[in-house]
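After this come two complexes, each holding chain A, first together with chain B and then together with chain C.
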Partner chain A sequence: MKFKTFAAFVAPSIFMMLLFIAAPLVSVFSQSFYLTQPQFETVEVENCTAGFLKQTCVTEEKTRPILGDDGKIVTETKYVGWQSYINVLEPERAWAAISAGSVSALLSIDFWKALRFTLTFTLITLPLVIIVGLALAVAVNNATRAIRGPVIFISLLPFIITPVIGALSIRWLFVGDGIMTAFLEWWLQRDIALFAQGWTIEILMMGYRVWHVAPFAFVVLYAGLQTVNQDTLESAIIDGASRWERLRYVVIPHLMPLIIFLSLIHLMDSYRVFDEIIGFSSEAHVISLQWLTFDLLTPDDSGNRSISRASASAMLTMIGIIILLYPLLRRTWRDHKGTS
Partner chain B sequence: MYFKKIALAGAITLLSTTAWAGCAFENTVPVKSFSAGFEAWKSVTEAMAECGNFSAELDQEFRTKQPSAFAANPALYQIGGVSNGTITPLINEGTIRPLDDLVAKYGQNLTPNQLIAIDGKVMAVAMMVNTQHLMFRKDILDELGIDVPVTWDDVLAAAAKIKEAGVVDYPLGGTMKTGWNLAQDFNNMFLGFGGTFVNADSTPSVNSEAGIKALEKMKELTAYMDPEYLVSDSTYVQQQFQQGKIAMANLWASRAAAMDDANESQVTGKVDTASAPLAMEGGAPATTLWWDGIVIAKNISDDEADAAFRVAMEGLDKEMVQANSDEAIWLINGYEPNRLANGAIAAATADPAPAPYPSTSQMGMMHTALGNNLASFFTGESTAEQALANVEAEYLKSAKEAGLIK
Partner chain C sequence: MSTPRAFRQSTALRFSSAGFLTIWCLIAAFPIFWIAVMSFKEPIDAFSANPLSVIFGPATLERGSGLSVPDILAGIVLLVLTAQLAVKWLPGMVRQYSPYGQVWFGWICGSLLLGLAFVLIFVGALPPIMNVVNSALGSLGNPVIGLTTEHYSAVWWENEFYRNFINSLIVTTGVVTVSLTFGTLAGYGLARSGSNLAFWILIIALVFRALPHSVLVAGYLPWFINSAEILRPILGDAAPTLYGKPFAVIAVLVAINQPFTIWMLRSFFQNIPAELDEAARVDGCTHFQAFRWVIMPVMWPGVITTGLFSFLLGYNDYLVTSLLLDAQNQTMVPAIAGYFNRETTTTDQVEAVAAAVSITAPLFLLVMIFQRQIVSGLTAGAVKG
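And then the complex of A and B:
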């Protein structure tokens, strides 16, 4: 292909990537080093508020932002270096906790608490998604042709559901005396409260994520199964390889590039776990890194939000994803260089 | 039956063709309002709609959207529904206008108590008060011979008796969902023990005797609650009441009417209200006073503001209150309190009276810090002192970042 044709095809997507990915990234990166503060003044004001029968008026010292001539709050932006990162990571408190050997003290810091859950969630769901997806693919591949269509359709349903809606439905099945909790209580003859402690919520969240994402792994691996070399399989049968040995030594090596692709996508997605936190309202027990950024960006009742700290937290999330993906990316790169 | 339906359909058509029938004037300027979505707001905005050219947006997430909607020029809405907690960002950013001249022109029917003055200028018109108060199953208390609890210790004693009798699933309900609700529950108890949130120089002061006492009292109460209390919000507690699963709770006055709603509730007529319990002898009831009301945007033309205010006054008139008197503790002339309003009125008129919720920039940050850090005490991950120290650390971080503390 001529370079000009190549450029004409690729340019729009490069432009979009620069505009919608690179530019915001640069902006967030720079915002994490700057801090914008309103200017405050303390004044004595008389405020009257409604009681039930009569007004109550009090004169009090009140701190309020100064409004400029244009009617906007006067703000000051200054360079603060790594301060926002330090505020998120709290290295001093974290180090004190580690030297004291106290895990609970370390996990009382939001960032480390979120990191603990995010990593657990990502690393436990990854193998489960691949195994369930592969099992489904192999099962469907061996099913009679007549029922394959409906089976594929039904297996895909969880993937079609909007994540937040899916999470909420699972929550409603289990929260309080939901249908499933009521069933478990009847079956086990004991009182069950699944939302009263952290670990049960974590299991529900992971179960939900596997249920939701496994169909994607299934579709990809099922497509891969169609391209397995039949001659190799037949010769394996002649050599006396069992069903398991065929899967282990012929099918899985063939599917390996797809499994790595699925792992990459899943690591990226599940490290940004967020819908589950909101859907299961698990903030009391577990929070994730993405939720931490969201919480910092949410304005409080006085309209204040921590944009710098949120930017720092977002950058740290990105760095975390890069570290997680590094081994897989390196392997893909080596394979790529080896084959070409 | 068939005839009734036709008559009803006819009546509705009539209503929509002469939309301003229930209104004193015909509104020609398009007016939009943006407010919370509970029952009282539905009634008020429906009454406003009678003037024509009016549309209302009711949204429970309004608190996070309102500041930017009003900061736009021109503002996206003319009328805003606020409470004393959510008016702070609008005041701080100067996006709502003083109402003195409009009140003088169109506010003949307002009582002085409704005018919310900040720095000497009327900035909002209140329509109702709201507070968290004790709601209880009168039938259960009568049957077990328990007096209506006056202090939180009485509540604990009553809960123990109810638990022993085993008449409900859980004796107590609590709006302790992590985040805003949990922090507000703490605020009530903390103020009840005479605590103050911040010192004069904006430094935090929640890690105090009052703070620890408040947390410990709340923990004692949770022993009688559904173990999933950290995910239960006001709606959840309301439903627990309606389904007869709990016997007592400190719940919002605006939720009381739902107890007598025969469509949803299995306990109609059985729930009564009383003032929020005292945390300590001689103290104020452990609750805060809130008002809800309307503000008018600054970034709109004077004509629009004029029309918006007139429409709003039509929404807050005597007819509306008389038609919907059960839905809130109204401040509007012509309001007749019903049985369920007793608790809120007792709380609001108690001596010493509970404090209004402090609407300051400091409180906004404190509320968020409390909401994020108190749960660890209830899950047993930290002690009361540690949890409150974490609250103070997060508050200091936000306050320094915002420039409130140097």
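And then the complex of A and C:
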């Protein structure tokens, strides 16, 4: 295919990606160094109230936003350097907390709190998703053909459901005296409030995420199982390998590329954990990096959005993604150089 | 079918794996099933600690709304009939009446008609008929299971959820059509070109796919809010404020979805042998003609699968739509956040449940109809690397 034809085919898609992905990245990068604020002026105001014989007058200094000719508040954008990053990271407080050895003080700063949760969430759900997915794939592969279709159908439901709604449906089972909480209370013979502290919410969130993503791992690994070489399996049986040994030494090595693929997808997706925070309304206890940026972008009570701080937090989130993807990109690059 | 003896499973293994699958199916389906049951009950029943009273709804029954045994039987018969029609009669009718080459259009019309007829009979005709039947039957016609649809009518009519539904429809339709149009072109180009440039485009797309969406939205917001002033020198007074406009959100979602779309479509295009385009080229087609008249007709499965995933992205999105759309153009998923945040009475909560079920129902239908395409889509990118 000639370059010109190729360019004509990919141009619309590239244009969209440049305009709506690459350009916003540049814009976020520059926004994080600038701060837009309303301009204020200080004026002396004399307030007089009617009094007997003589008016009582008080003169005071007042700060008010400057209004432009069109009646709108005049804003001013100025270069602030790393200030927004410092506002997000709060290095002084963080450093004081670290040198005092107090983890809870460090985690009282929003960014570090969000980072801590995002990383724990990613690292704990990863092995669970792979294990549940693999177990399901093996079990379905061993089952009779007739039940495979229905099992796959039911398994797809948690995967396809809107994430916010999925999180909500789990929450309604556990919230207050919901059916599952009532069951747990009856079973353990004690009072349980699952939404009163952070760690129980985190467990519920991780449970939700495994419920939501394991079907994806299951379907992918199940498709992989269909391509396992039967001859190798038979020779393993002749060599006297037990079922477990066959799984360990024949099947899992065959599935390894898929497991790596699933892990990468899962790392990318769970690093962006966000919908759970909304579904479980857990802002007070547990927050994630993406939620932090979302919160800074949402208008506050006076209708202002802290765009500059949000941009700084977004850039910091980006750095995490780059660290996460670096090994993958290096490997792909090496493969590409090897083939061409 | 004879399996070699060594492949046969011991009874213990078979039982434990069957048990594991049963438990998984229960866990997978239970939360969805449960919210569906809850949405039809009075608040006292819906949030009762006793599961039996959630299912049978004594408080709902006391209020006088419920289903009798004949009601349930009639409902089941109607469901089975519709399913039979859909499986046995619909394919023949579609094949007979749709114009040649537009079978997919016939399918869309056919299933819409059948669905509409079902809803009309189920919601419109069945209740009055069953009222007469129940009163004729005497004590057999007394309701046994509590069930009320008042939360649905409250959500859809009084709270005007249908507006959010229409907005969702606009956004998802836009996202699916635009991203498929751009995606098939790019996917075909990338699949047929082995150049370094194509490789780099794919790698950059992979990096873009990993970006958290909030990062991108942080980039759009200031521009979208001020777009009228920024664009005025170019477009004059017609310059729109992009913030709150559905078409702006469609553009954003298409762009966010594009990396995934081109990866998936590329892997589908690679499955189509290149000899096919070469034959078309020998016959005198240009590249574009070959793409349009030779490759696209055999690409429908891949296009449908990718379309499904674009649909899911547009439909399920919370972050982008809640930040970039204003209240009157809000789609369904962000709108539901309004319900559970204001949750003051238990009635509000059950209404939120009903709204959640309304959002899930189309997805449920989607899995039923397109199960095979979804599975092939999930495995397309993975198995071939």
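Methods note: the second predicted complex is superposed on the first by the 287 of 340 C-alpha atoms of A that agree within 3 Å, B and C clash if a C-alpha of one lies under 4 Å from a C-alpha of the other, contacts with A are read in each partner's own complex, and residues count from 1 in each chain.
FYI, contacts are C-beta pairs under 8 Å (C-beta built on N, C-alpha and C of every residue); 3 or more make two chains touch, one makes a residue touch a chain.
Owing to the predicted nature of the structure, the values given are computational and were not obtained by experimental measurement.
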item: Which of chain B and chain C A:63 touches, first, second, both or neither; value: first
item: First, second, both or neither for A:108, with chain B first and chain C second; value: first
item: Chain B versus chain C as contact partner of A:301, first or second or both or neither; value: first
item: First (chain B), second (chain C), both or neither touched by A:281; value: both
item: First, second, both or neither for A:162, with chain B first and chain C second; value: second
item: Touched partner set for A:136, first chain B, second chain C, both or neither; value: second
item: Greater residue coverage of chain A in the superposed arrangement, chain B or chain C; value: C
item: Partner chain(s) touched by A:13 [first = chain B, second = chain C, both, neither]; value: second
item: Touched partner set for A:5, first chain B, second chain C, both or neither; value: second
item: Common ground on chain A, meaning residues reached by chain C in one complex and by chain B in the other; value: 176, 281, 298
item: Contacting residues of chain B [partner chain A, same complex]; value: 63-64, 67, 84-86, 88-94, 112-120, 126, 129, 177-179, 182, 200, 202, 226-228, 230-231, 236, 289, 291, 293, 298, 329, 331, 344-345, 348-349, 353, 356, 359-365, 367-368, 372, 375-376, 378-379, 381-382, 386, 390, 397-398, 401-404
item: Touching residues on chain A, where the partner in the complex is chain B; value: 35, 37-40, 43, 45-57, 61-65, 67, 71-73, 76, 87, 104, 107-108, 110, 175-176, 193-198, 281, 283-285, 295, 298-304, 306, 308-309
item: Contact set on chain C toward chain A in their complex; value: 4, 6-7, 9, 13-14, 17-18, 20-21, 24-25, 27-29, 31-32, 34-35, 38, 47, 49-51, 54, 181-183, 185-186, 188-190, 192-193, 195-199, 201, 203-223, 251-252, 254-256, 258-259, 262, 287-288, 291, 312, 315-316, 318-319, 323, 333, 336-337, 340-341, 352-353, 356, 359-360, 363-364, 366-368, 371, 374-375, 378-379, 382-383, 385
item: Partner chain C, residues of chain A touching it in the complex; value: 1, 3, 5-6, 8-10, 12-14, 16-17, 19-21, 23-28, 31, 36, 135-136, 138-140, 142-143, 147, 149, 151-158, 160-166, 168-170, 172-173, 176-179, 182, 211, 215-216, 219-220, 223-224, 227, 234, 237, 243, 257-258, 261-262, 268, 271-272, 274-275, 278, 281, 289-291, 293-294, 297-298, 305, 307, 310-311, 314-315, 317-318, 321, 324-325, 329, 332-333, 336, 340
